[in-house]
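Shared between the two complexes below is chain A, which has chain B as its partner in the first and chain C in the second.
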Partner chain A sequence: MSFLHIHNIHKRFGETHVLKGIDIAIEKGDFLVLVGPSGCGKSTLLNMIAGLDDISEGELRLDGERINDLHPSRRDIAMVFQSYALYPSMTVAGNIGFGLEMRKVPKAERRAAVQRAAELLQIENLLDRKPGQLSGGQRQRVAMGRALVREPQLFLFDEPLSNLDAKLRVDMRTEIKQLHQRLGTTIVYVTHDQIEAMTLATRIAVMRGGELQQLGTPQAVYDDPNNLFVAGFMGSPSMNLVTARIERLGGELVARLTAGSDEVVLPVVRDRAALEAWCDREVIVGLRPEAITDPSSANRQDGVIHEAELAVDLVEPTGADLYVVTQLGGRSINARMRPGSTLEPGQRARFAFDVSRMVAFEPDSEHRIRNPETVAPSEPAVVTSIS
Partner chain B sequence: MSAASPVARRNPFARAMLYAVLAGFAVIYLMPLYVMLVTSFKPLTEIHQGNMLALPDAWTFAPWREAWGSACIGLECSGVHGYFFNSIKIVVPAVLISGLLGAFNGYVLTKWRFRGHKIVFGLILFSCFIPFQIILLPMARVLGILHIANSTTGLVLVHVVYGIGFTTLFFRNFYASFPDELVRAAKLDGAGFFTIFFRILLPSSIPIIVVTIIWQFTNVWNDFLFGVSFTSGDSAPITVALNNLVNSSTGVKAYNVNMAAAMVAAVPTLVVYILAGKYFLRGLMSGSVKG
Partner chain C sequence: MSKPPSSRGAGARERLQHWLPKLVLSPSFVLVLFFVYGFILWTSYISFSDSGMLPDYTWAGTRQWSRLWSSWTWGIALHNIWVFGLLYIVSCTLLGLLLAILLDQRIRAEGTLRTIYLYPMALSFIVTGTAWQWFLNPGLGLERTMHSLGWESFSFNWLIDANMAIYTVVIAAVWQATGFIMAMFLAGLRGIDGEMIKAAQIDGAPTWKIYLRIVIPQLRPVFLSAIVVLAHLAIKSFDLIVAMTGGGPGNATAVPATFMYSYAFSRNEMGIAAASAVFMLAVIAALIIPYLYSELREPRS
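And then the complex of A and B:
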């Protein structure tokens, strides 16, 4: 039995069907990130776990116990809100200790617990201040302290970093991850930022329009997306998604892509059995920018490299990488190259495609075309044993 | 203001004009108060000389003492002090009760919404637009049935009923912008209905409490119509007593005593403004949510 079990959960507000049967199960110590564009129902789902919204249909189980109708304060859950929601009239210590005070914890014990939480978050020197005197990052810490101090079974985070500036957001992200590793708590975290989802999660649930699109480890969601939406949503810069025609060429299955006035023919390596059925039809193929490189930095050891010469449209250096834009399948696509390449727009260059990472989607249903029982090739046994 | 201030800052002449005009209006506005004050400190003989604006030649507190303790109102010659305390007895409970009920209404109407909450609020709001005169007769009947006619308790009830509409409006609009997430956080922390109200909302409500107190205090204190309709004799509030004092003439009009009595009647509202006004501008909500 899983630790948190969200079973066929529905949410209706009058006529609108906000959540359409969500099924998610995670284990103790998991860091589940609900990610999706705004309006996908991820915050509603979080509020339902917290007990702040009613469950229209379905079942919610925490540690084996059905908690559907349990009052929020009895669920043994703490939540960090997007706006921090600190009580303005209380000091930091009062804020952190309020939950314990409501639970009638004796004063001395309470003070010790507040002190411990404050030390953990390095805010001991702020305990006598009012929230109005704190900076954004400090308020964020207090909000986390308020959740931590109760030592709940489950932590809920509702877009906790979205009000911080970019630099602080990255720092706090690291701290949340460290906190999770140190305390081993179970966390459900809502964000619309797919980078936050990738970096923090042990499990990602990608949602759209009230439906779960994919649930899996960050790497699985990234490398082995269930559909076009997940493929396009996760990753930055996003996956290159272009139209290709599946053909048989000398006994080999290939994907034929237009490249300006030219053509590129890439051998089909992945999901070949499933793609046989799509022979002589158009599909959408997806390749991550890092799967299209310059020949010298191509990963020839694990990948299957196919080279082609294409025109360079645009060069975008980021410092760490060099993104090169070219035309493929009628669209502009991004390739990630080694910085320092002396490529110029208008010039022709050799691009190395790692076709082992190419995924294909049905153009109408946008579902993934996938062999029935494939294991994601990017999760080789070697990597798992190292970690 | 935004249009005038940059001009004034650049041009000292414009600035001087601005202040002159403002000062002119202030003088016009304060003139009656000045006349009242100087008259109340003059002996009657000086008043009869006719120069209203002149300062007293011989300052005297006698009119104030007489107004407070021995002026005749009707047949009773003991000044307005009894009626002053009547007004206190009416205004304090009326303000507290209507304010607290309004705060509760505002809390429920914004944070514990129920089906039809808008209609309920609309109906409560409607009471703000009912003219006093319409309810005089029905209210007299109700007070009679409750056996609190002709008493300060009766007036407290009248003012509470009449005040709830306004106090609810104030608190509802204030709490509408109070972040729901704070209430949700408190629920998760284990706080109940009343704890959330008294520990989370009320301490952050000082600005609207002050507005409500000023509004209700001045309205109830200055009320004349309800006072004169529902009380008589000893239970009348000071506004009614002041009217009776001025009308109980014993030959010569004692303008100085009348003015002193009027000042006594006006002082409490002034005091409320002076004491409470400074809380108006305090931003007590700062820091609770993203800033």
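And then the complex of A and C:
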């Protein structure tokens, strides 16, 4: 039995069906990130785990115990809110210790626990201040201290970094990850930022429109997306998704893509068996920008490289990389090249495609076209058993 | 100077723009200066004069002031305003807060209920006073209704009881102002972050403790505003008392405002009346000026 088990959870607000049967199971010590665009139901799901929203249907189990109807304070959870939700009339120490005070922990013990939490988060010097006198990052720490001090079984984070500026957000992200590694706590974390999801999670649950799209490790979600939405949502810059025609060329299965007035023919390597059925039909193929490079930086050891010459439309240096925009399959696509290459717009250049990383999707249903043996079952509970 | 004057016409327009606001404001400024502040000074002078039925500018020193403070009725009036003001402010604040908290529980007919509670504030004090006078009048209102319904032993005659009459005024005044105070608190409650309540729930605080420890401390500015509004309403409460009890029975419900009115216009003691008026002004000023000062000067953080 998994540690946190979300089983076929539904949420209805009157006529609106907000969550349509979510199944997620994670183990103790996992860092689950619920990610998706706004309105996908991720915060509702978190509130239901916290007990702040009723569960319309389904079952919620924490460490084997059914907690559907337990009051939030009795679920052995702590939550960090987007607005931090600090109590403005109390000092930092009062804020951190409030939960213990309500649980009638003796004063001396309480003070020691608050001190420990404050040391862990390096806010000992702030204990006598009021929240109004703190900066955003400091408030964030206090909010985390309030959650940590009770040593709950499960931590819930509701977009905790979205009110911080970009620099601080990266620092706090690192710190949350360190904290998780050090304390080994189980965390459920909600965000709309897929980079946060990738960097923090041990398990990512991608949600859309009240439905779970995919549950898996960050790498699995990134490399092996279940559908077009997951492929497009995860990763920045996002995956290049273009229309291609699957054909048989001299006994080989290939994907034929238009490239301006030209054509590019890429051999099909991945999911070949499944794509046989799509011969002479159009599919959508996806290639991450880092799977399209200049020939010299192509990974010929692990990948299967196929080169083609294309026109350079635009060159975008980011310092670490050089993104080159070209036309493929009727759309502008991004290729990640070695920085410092001397490409100019209008010029023609050789592009190296790592076709072993190419994924294909059904154009209508937007589902992944995948070989049967590697199909991730639609029941996510089984996915977790892979670990 | 951002723009050099290009021509004579532009210079005139600039001068006009400079003087126009002052010109438009000056009549009302002069009127206020004369009729408000001028008469405050005039009243202050009268309180040190020998005035009786008509103003008399003979200097009398503090004679009127000592007559005021040795007056039995003035003692009753001061006592009454204390009782009335304290009960009025405390009851309105607590009841208003309670109603606001109850109304904030996401109940269905909130809009309607809020309007119902707010309506008394739309009535003038005279209407409120008259209505409550009828309602509490033993021969007309509640008591008679109860008797006609068959509850013969029912008795509620506070309105004509010299010891209790002031409390009937409190009831009417509280009835009128509570809805307004409730609206103030409701606005304050709506400004409180809902996530904070959720955090407190997860922290294990029972609802009453959430209100006591987290919500109410955040309403401090509302408390301050409510108390200042109520305090000056209490001191100004003249029309309500005139309409409801006329200061009676006897002098039982006299307050400084009715005292001032009766000494100025029916007892021909303009000097004493002026002294009481100046005293009331001083009390209100002592309340309002620090409040205005803190509201207007304090930089909003």
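Operating definition for what follows: the second predicted complex is superposed on the first by the 374 of 387 C-alpha atoms of A that agree within 3 Å, B and C clash if a C-alpha of one lies under 4 Å from a C-alpha of the other, contacts with A are read in each partner's own complex, and residues count from 1 in each chain.
Simple rule for what comes next: a residue touches a chain if its C-beta (ideal position, glycine included) is under 8 Å from a C-beta of that chain, and two chains touch if they have at least 3 such contacts.
It should be emphasised that the depicted structure is a prediction, and the values quoted were computed from it without experimental measurement.
Peer 1: Once the two structures are overlaid on chain A, check if chain B and chain C clash or fit side by side.
Peer 2: Pair status: clash.
Peer 1: Should A:K130 be classified as contacting the first partner (chain B), the second (chain C), both, or neither?
Peer 2: In the superposition, A:K130 touches chain B alone.
Peer 1: Looking at A:Q82, would you say it contacts chain B, chain C, both, or neither? Reply first, second, both or neither.
Peer 2: Both partners, chain B and chain C.
Peer 1: Of the partners chain B and chain C, which touch A:R256 in the superposed model: first, second, both, neither?
Peer 2: It touches nothing on chain B or chain C.
Peer 1: Have a look at where A:P72 lands relative to chain B and chain C in the superposition and call it first, second, both or neither.
Peer 2: both
Peer 1: On the A-aligned overlay, A:N163 touches which partner chain: chain B = first, chain C = second, or both, or neither?
Peer 2: A:N163 contacts chain B only, not chain C.
Peer 1: In the superposed arrangement, does A:R139 touch chain B (first), chain C (second), both or neither?
Peer 2: Only chain B is touched by A:R139; chain C is not.
Peer 1: Where on chain A do chain B and chain C both make contact?
Peer 2: 47, 50-52, 72-73, 77-79, 81-83, 85-90, 98-99, 102-103, 132, 146
Peer 1: Where on chain C is chain A touching in the complex?
Peer 2: My answer: residues 193, 195-196, 198-205, 209, 213-214, 217-218, 301.
Peer 1: Chain A touches which residues of chain B in the complex?
Peer 2: Listed in rising order, the residues are 179, 181-182, 184-191, 195, 199-200, 203-204, 284-291.
Peer 1: Spell out the residues on chain A that touch chain B in their complex, using ranges where they run on.
Peer 2: It is residues 47, 50-52, 72-73, 77-79, 81-90, 98-99, 102-103, 130-134, 136, 139, 146, 163 of chain A that touch chain B.
Peer 1: Can you check the complex and tell me which residues of chain A touch chain C?
Peer 2: 47, 50-52, 71-74, 77-79, 81-83, 85-90, 98-99, 102-103, 132, 146
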